[in-house]
Amino acid sequence: MQVNENFEPVIVAFCCNWCSYAGADLSGTNRLNYPSNVKIIRVPCSCRVNPMFILRAFQKGADGVILCGCHPGDCHYTSGNYFTRRRITLLYSMLDFLGIERNRTRLEWVSAAEGAKFAAVMNQFVEDVKKLGPNRRLEDLRCRKQ
Amino acid sequence: MQEAMIKRAKELLADGTVNRVMGWKRGEFSYDITPAVFETAEELDAEFVCDDLTQANVSKYLIKESRKEGKILALLKPCDTYSFNQLVKEHRIIRENVYVIGIPGGPKIDIEKIKAKEISGILSVKNEDYTLKIETIYGTETMPYYEAISGKCENCKSKKHVVFDELIGEDGDVLESNRFEMVEKLENMTAQERYDFWRDQLSKCIRCNACRNVCPACTCENCVFDNPKSGIDNKAAADSFEENMFHIIRAFHVAGRCTDCGECSRVCPQNIPLHLLNRKFIKDINSLYGEYQAGADTTSRAPLNDYSTDDCEPSIVHERGVE
Amino acid sequence: MQRIGVFVCHCGTNIAATVDVKAVAEALGHEAGVVISQDYQYMCSESGQDLVKNAIKEHNLTGVVVCSCSPRMHENTFRKAAASAGLNPYLVEIANIREQCSWIHKDIASATDKAIVLGKAAVAKVHLNAPLTAGESPVVKRALVIGGGIAGIQTALDIAEAGFEVDIVEKEPTIGGKMAQIDKTFPTLDCAACILTPKMVEAAQNEKITIHSFSEVADVKGFVGNFTVTIKKKARFVDETKCTGCGLCTEKCPMKKVPNEFNMGLDNRTAVYIPFAQAVPKVATIDPNYCLMLKNGKCGVCSKVCTAGAIDYKQTDKMIEQKYGAIVVATGFNPIKPDKYDEFAYSYCPDVVTSLELERLMNAAGPNGGTLLRPSDKTHPHTIVFVQCVGSRCDDEKGKPYCSKICCMYTAKHAMLIREKYPDTEVYVFYIDVRTPGKNFDEFYRRAVEQYNVHYIKGMVGKVTPKADGKIDVQASDLLANEQLHINADMVVLATAIEPDKTARPLATMLTTQMDTNDFFTEAHPKLRPVESATAGIFLSGACQGPKDIPETVAQASAAAAKAIGLLCKNSITCNPCVAHSDELMCNGCSACEKVCPYGAITYQDKEFRMPDRSTAIRRVASVNPAVCQGCGACTVACPSGAMDLNGFSNSQIMAEVDAICK
């Protein structure tokens, strides 16, 4: 496979307000670097993330989508991330079944205290997606960038 | 069997138990068996059909029918009873307004498999001792019954009626089927091979919506694909493979609710094996969260509306099978 | 037609140093619907807010986007500003270009590009924002204080003083914490027990305060004003209501070889014990790891001698559930164990002790009754070496990167006390720096040097070697004299770093509060909100937030109490209007949403609808109770038809953000 050194992937990160978004803030407060490819969308809970949003992102040209939520058991809303875990496991399994590269999708639990983990996860994810190159398999040609 | 059904339906109409009958009649072509509602004994005598070609699952029609004045009689094959139960569970069908008679199931005959043998101008199909006698405008043809079995009956999961008020014929058992064989075969391919497989299949999609319209789990008052507010409503696709979004979302929406009735693949004019998407979800649910058969009962929690604190992480997708 | 205003904050140089804020304002000014796009040095300042307010009025704005710090920081500030200018506060969106952009990226070009994209996403979202009105939710007039050290006690006393019920949860059998173990306090050298124990008694006697000793927080649910906390009262095998604290059981208990935690394991206690004489509550506790009755079923002496009949071998852990309006965390600290530092011989030489151990050795209630003796041979030490910064200001993994703050002062105190009581003892202190900022602190240290002739040597101890004759060879360097030293010492005292209590991290998880990499709780703002956590209704008291001495701890404890009182004074707090709602026309009535709602906020009703064909139909539809809904959004995904949506985070809003980012 061709690896384009200059390829800068578009990465969408959905982060729950209470843990992961705060964890992302913390990694900022601690000045921990991760690539600017990562753009965060704040949601109240990881369980707010509809699989449609993830597919939409891929359709519109995202090269990787990562979903971050509170650790299982620590959900601000008690059980939200447990539902997330089932939904996202099944969705990612289906995308895999359709032959979509596994490393384009990820789910990570990042607490409000884990600023360092947030940065590490994002660094790793961006690196993994870079290796895969641009997302073509799930892209909608109508949305392709000019 | 058809006579027994008509006889019993007429009795139930006569004694006022029901005022309508949900059954089937012949369509534009005699082999096109179509769901239909009958209101009188005369209509039943004249048009009611339930033969080897009668495949359609009528449970979806009962959502609307069960909300009308009076009770309706529904004749349900074993597989249809699962769909029926699932719709009762989701408060879509009002159970009290339906009188259910369980009728024997397949294996049913798929007319397309006969046509595939280059038999055309078909007038009628008769099963004579497991040989199909096909009358055509060009004369009579024969073929073995088993060569024409409908795809949806090939891996029958159950001969058991999970809900009924009475039975015509005998009740059967839940069967050991190898319905996940093809899913497993795909799982064992490489990601590229899987992608190529689905690209081949899904590029055939003409987005006629037949799969959605027939699916007894797709019963939304207003489908997200028809709702401009959903953000994913219909648009012309630049590349036909882009219909994959439609199929993924549709499969996800029915995940944990799909009873594996096989209607989606049966009605697909492009012969896309859509049921494989649903079966993939069913297989994953069974293996990750415990055996679950949608529609087997009306009380259990749907797997996607449930959780266990020790569920596996999505990374399991990365850890198993072939990349 | 939307009229959106975009306001890009420099945050001094916090944003402007890495993000070209002018370029961001320029680029966003070209977005559809944006009628004004400005940048300003400090958007959160009064003049910055005025800029926003004036623009709202002048341009009749229908939406505001502020590109600034995290919405967790100033979303409320700008919402209030908008409201005061007559714009619904929920028509404000924040693009986080500080914590999630300028602070993490170094390259100006890519950080600016990212800031523009984040701004575009916020503009796309605000296009779809709808005005929302907040409801109100009642405040439970009761506070929980987690930890019963001096911080927790002070916070509880202050809250109780204001007239509110307070519960203290303390994991040990008594409140008092670390301060109860300390002998004297700097810089006044007054006795710790003399100033602490009256407060402990006051807490016990205050009718507004309930002390749950030997208890832990097991679960926290809910939100500001309305937390539901499960407290685990660990089995102490003694009925608290019956025990009179007479101590007869502790005298008679045959199991006398239990390391005494209160004296840092320097002597022993019995299996049934009261940690110290002034314990509150003064109630015995049976240690199940050592009690012969609980281990083998043979003994029962304590039960026989207890005239109150308080011993209950069958007692089990008990869970109690209580509702609170506010929670104050006061979990405190522990000194680290220096056994990883082989060079100090701590793990195998009994005469190498930590400062807290020395504190007990010198305490009148300690193992030697207040006479300083070497633990090994109970002889009087004539030469004592203090080693500073053991595990503090340390780059490697054995220690902590921060300054533990209290060690310089307590070492000066120890040195002074020893020189005062035993003038024949030579005292050496090896230090990296002596840090004594604080009222009367430096004067105190200088007294140690000048008046008490304590030998302060700038330099690090390289190796501590116990010798055959019982002496200890301390090899060190004197950095100022630039020479190697060998001191023939009798005792070595290690000023070990302090770290947050181990219970803090799991607690932070339960409370959904932030922690730093050292496990200290993170305050909502390091300067302006030092006693609040970022999670509403959770306050921080004492060393759980960072190393502190006693005066600082007490000051912060009272500050945390003031914040908690401020919350408890309110009868209700404004609710989050970002709750779910169902579109009845699309609802299938399938109950999927109801199944996933953790709050039971969704109910169903049969409603009559006029259908497109003009017939009427009865349909089962969902409705959400906005006072109960907390806005997680689980239902919105469970809903197959998309009838269920979430205010403030609607399907179309999130997809608009996705589109803006992916474009």
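Labels for the chains are A, B and C, by order of writing; each one numbers its residues from 1.
Please note the rule applied: contacts are C-beta pairs under 8 Å (C-beta built on N, C-alpha and C of every residue); 3 or more make two chains touch, one makes a residue touch a chain.
Given the structure is predicted, the values throughout are model-derived calculations rather than measurements.
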| item | value |
| --- | --- |
| Chain occupying the most central position, where position means C-alpha average | A |
| More contacts between chains, B-C or A-B | A-B |
| Chain centre separation in whole Å, for chain C relative to chain A (CA means) | 29 |
| Chain A-chain B separation of Cα centroids, rounded to whole Å | 36 |
| Euclidean distance of C-alpha centroids - chain B vs chain C, Å | 57 |
| Chain A, residues touching no fewer than two other chains | 51-52, 56, 73, 79, 83, 87 |
| Junction residues of chain B, two or more chains touched | 224, 230-231, 304-306 |
| Multi-chain contact sites of chain C, meaning residues that touch two or more partners | 596, 638, 651, 655 |
| Touch list for chain A against partner chain C, complex | 10, 12, 17-19, 21-34, 36, 39-45, 47-53, 56-57, 60-62, 70-71, 73-80, 83, 87, 111-113, 115-116, 119, 143, 145 |
| Chain A contact footprint on chain C (complex, rising order) | 70-72, 96, 98-101, 103-107, 110-111, 113-114, 117-118, 121, 221, 505, 508-510, 512-517, 519, 522, 534-535, 578, 596, 598, 630-634, 636-638, 646, 649, 651, 654-655, 657-659, 661-663 |
| Interfacial residue positions of chain B with respect to chain C in the complex | 67, 90-92, 219-224, 227, 229-231, 253-254, 257, 301-302, 304-306 |
| In the complex, chain C residues that touch chain B | 585-592, 595-596, 604, 617-620, 638, 640-643, 651-652, 655 |
| Complex interface listing, chain B residues touching chain A | 183, 186-187, 191-199, 224, 230-232, 235, 237-239, 242, 244-245, 248-249, 251-252, 255, 277, 280-281, 284-285, 288-289, 303-309, 311-318, 321, 323 |
